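I'd like to ask you about the structure that follows.
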Amino acid sequence: MSASLERGRLTPLGWAGLVLGALIMIAPLAWTLLLSLKNNAELVGHSGAALHAPYTLENYAAIFGNSSTMRWLLNSAIVSLGTTAGVLVLASLAAYGFSRLEFPFRRTLFVIVLLGLAVPSQAVILPQHQLFAWLHLHNSYPGLILPGLVGPFGVFFMTTYMRGIPRELDEAAMLDGASRWTIFWKVILPLTVPAQSTLAVFTFLGTWNDYWWPLISATHSDMYTLTVGLAAAQMNYAQTSGLGYLMAQAVFASIPIFIVYIVFQKQIVSAMAGTAVR
Amino acid sequence: MARLELSDISKAYGETPVLDGVSLTMEPKEFIAFLGPSGSGKSTLLRIIAGLETLDEGEVRLDGERIDHLPPGKRGVAMVFQHYALYPHMSVRDNMAFGLKNAKVPRDEIETRVAEAARILEIETQLDKKPAQMSGGQRQRVAIGRAIVKHPKLFLLDEPLSNLDAALRMRTRIELAQLRHRVDAAFIMVTHDQAEAMTLADRIVVMNDRRIQQVGAPMEIYSRPANTFVARFVGSPAMTLAPASLVASAGPFATVRLGDGAEVETRVRGNALEGEGLQLGLRPESVAVAPAGAATTVGKVELVERLGERTLVYAHLADGLPVVAEDEGNSRVRVGETVGLRIDGSAAHLFDSAGIGHHAEAAA
Amino acid sequence: MSGARDWRGLLFVAPFLSLYALILVFPLFRGMWLSLNRVDLFGDGHFVGAGNYVRLARDPVFSTSLLNTFVLTLMIVPVLSVVALMLALALNNAGRGAALMRGIFFSSAVLSVTIVTLIWRFVLAPDAGLLGELWKSLGWQPLAFLSDPHLVLPALALTTIWWSLGLPMLLFLAGLQQIPRDMYEAAALDNASRWRTFWRITVPALRRTIVLVVMLQTAAQLQIFGQAQLLTAGGPSGASRTAVLFLFETAFGRWELGYASAAAEILFLIILAVTLTQYWATGRAQGER
């Protein structure tokens, strides 16, 4: 009765609103899909033609034949996977140190890492740009990967998780003659697998979708990630009339993300919800 | 032969002292219980022996060699944690083998030892399971197994029975007693439960307030407690301590008067005692419910606890002093009644103003 | 014994910390330094003290961009929070229909900003867009969302809301699931109406989540960039230029790194101030209860 508001039993009006809302959510996506399935020439001036047959897959074929889109895909994959692997390694090592080891300045250093969470990327992007220019790292994979490795979130997340592992396990392992490294590698790390997968998905998605740093650092079109390449294509649209092709690129760029989303739904949800349960 | 020596161990956490000059010498293959309330320092002492805490002053020696500066894995010591601390992601077999692998013991030796420990503890069928798939009692056996395979000189047990329900506790007590004889090592057990200490230990180390209060065999602790703390901590229900004053007595033994006027003749030598600040110590078995004529004093019954073979009667004397008396199993005593209590002074203890215990001499 | 251990712990945190120091801490302070200089592409700079900040204070382009950013944030955050909350309330049950709906409403959040702007460009565009077609089929003149200065900010807000529903909705769902059932049962026994139950039980119990959502979204929308750059390039005539877009154009369009750094520092301070104020204000209100 009165609990139904919270438990989601809706009035018919409520359901109607919900369905309407869902349609509004889907409509732009559907529109994009339809546009992508039309021959470019048909669409010039009459994009309404998207609502009628005939439909074709020629735009998608063109994508596979187009080396730059595929190159962008490759770049995105390398950068995202590289960043994810790097973050997992660095954050796990650091989190082990922060959560279980005693060393001088431990608390101070951890606070310094936490403070980094408050720093928006705009405050550091210009000096970072300069720095990477000095290091000649622009337009390279390391240049695209390195900035993604220093986000404090990974360390914070893994440290919080590791703190939940009982200290007694470390003590038992010490009595079992294990060194600090052995404890990390054989006892603690295997117990962090759920957190690792959540962090991995979170990092992968964030890096894949990143528009900010790759825009600034990758100025040669063959180093564009998919996100940046799509933006460039968008801006050049006026010079081309390939609306269908452009939309196909959008759909194409969405597919990897949707695959990751569907496969790793659980991790994504827990990563997002995890930030709430702090 | 494993022989542990603790010399003058002190430790503080920052400003707070936790151990104050603790010394002890163990006999080979002895089973010792560190008994005391929380905060007494017993767990800290155990952890210092294990190497999980550092000491500020003092030494720990095993078989004559100093071990207090060695890492925990190299001391020849094994520990069974209160909550077992089994590695959740490893099978039972791997849990037990972990320490041996770290010590680079050869593979077939590891297998032999694991099989042997599994046999002793009757967990052979569990070897490939993970801890989460096992019951509490089984997990404890795995924890013990993990300790056994290391062939340690010294076993450390941290509150081994606290986590178990009553039935399992009895069984585990028996198992621990049996284990003790099958294994060539000394045992130290930390507990706050005096019944556990009494049943399992060769000697009990009673600790309170950062210091050792008394060391001795269980019956000695029970019948000759060194001070009021030990007297009340060991034995359940606790010993009654009644404020008393010396009165003139005929022989060498002290006679005291209680707050309500009752007089009790003890068998404690009176010459060592002063008249002030004395307390008379009476265990329930020294106080019986008796008809008025044979009673030393009277008390009003507050609570009657029927245990089957005996009944505990909790009463108040006229001056308000609470007293525990024993009666037979089918006692008719009821709450609110005033009953006669006969105090048998021959087993009574006297505690002086410093709390030191003076005990009855046995009859010739 | 622990003496030897003490320093070795640093080995574990060193890899991360050294990168962190190099790529985050150093640039943070360098940025503050840059903001006090006139610097161009070739790195020759000279110290101007507060000169950049003074110039920013007098710069109508900058102040317009700040204004636009604030307006956008005010358009987006309340609507987003309310809609997300309503969705979470409506979808907080275990049925498959609800699960499907949750998936639909979350799906937009996994897309990158470039995909979203690509999609919405052709929803909003008057001649080629979905809304344009819809308007035309109804006999109306299509609205030029992206080229009308009065419509452009709402258009960006709409795009952003469509894009950002997923995360707040998830956070609210997580918060709702932590509310113990017996609170509702007690309310039912007390004959509370739906509305009352909502205001007196649900909202207070969700307090922390609401605060979190508002804080996160405010901080995020103050940094809004991609939508402005790609959909409108800040136009028409700067009507949709946001603060970060201003920063971007100044730094990578005109190569005035010092000036742009000053703008970045100001934005940083604004975000910090707003977040702290929100945190403090809600903390105080709670304490006063």
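For reference, chains read A, B and C in written order, and residue numbers begin at 1 within each chain.
The criterion applied here is as follows: contacts are C-beta pairs under 8 Å (C-beta built on N, C-alpha and C of every residue); 3 or more make two chains touch, one makes a residue touch a chain.
Computed from a prediction, not measured in an experiment: that's the story for all the values here.
The central chain here, found by comparing per-chain C-alpha centres with the mean of all protein C-alpha atoms, is A. When each chain is reduced to the average of its Cα atoms, B sits farthest from chain A. With centres defined as mean CA coordinates, chain C is found 16 Å away from chain A. Chain centres here are Cα averages; for chain A and chain B they lie 58 Å apart. One finds 62 Å separating the Cα centroids of chain B and chain C. Residue positions 2 of chain C are each in touch with at least two other chains. Counting partner chains per residue, chain A has no residue touching two or more of them. Multi-chain contact residues of chain B, defined as those touching 2 or more other chains: 51, 71.
Taken together, the chain B residues at the contact with chain A in this complex read 50-52, 71-74, 77-79, 81, 83, 85-89, 98-99, 102-103, 146, 150. Within the complex formed with chain A, the residues of chain C that make contact are 2, 5-13, 15-17, 19-20, 22-28, 30-31, 34, 43, 87, 89-93, 95, 98, 101, 103-105, 107-108, 110-115, 117-123, 127-130, 132-133, 136, 162, 165, 167, 170-171, 173-176, 179, 181, 184-185, 187-188, 192-194, 196-198, 202, 208-209, 212, 216, 219, 223, 225-226, 230, 244, 247, 251-252, 257, 260-261, 264-265, 267-268, 271-272, 275. Residues 166, 168-169, 171-179, 182, 186-187, 190-191 of chain A are the ones touching chain B in the complex.
Within the complex formed with chain C, the residues of chain A that make contact are 1-10, 14, 18, 21-22, 24-29, 31-32, 35, 43, 45, 47-48, 51, 89-91, 93-94, 96-98, 101-104, 106, 109, 112-113, 116, 118-131, 146-147, 149-150, 152, 155, 180, 184, 205, 208-212, 216, 226-228, 230-231, 234-235, 243, 246-247, 249-250, 253-254, 257-258, 260-261, 265, 268-269, 272-273, 275-277.
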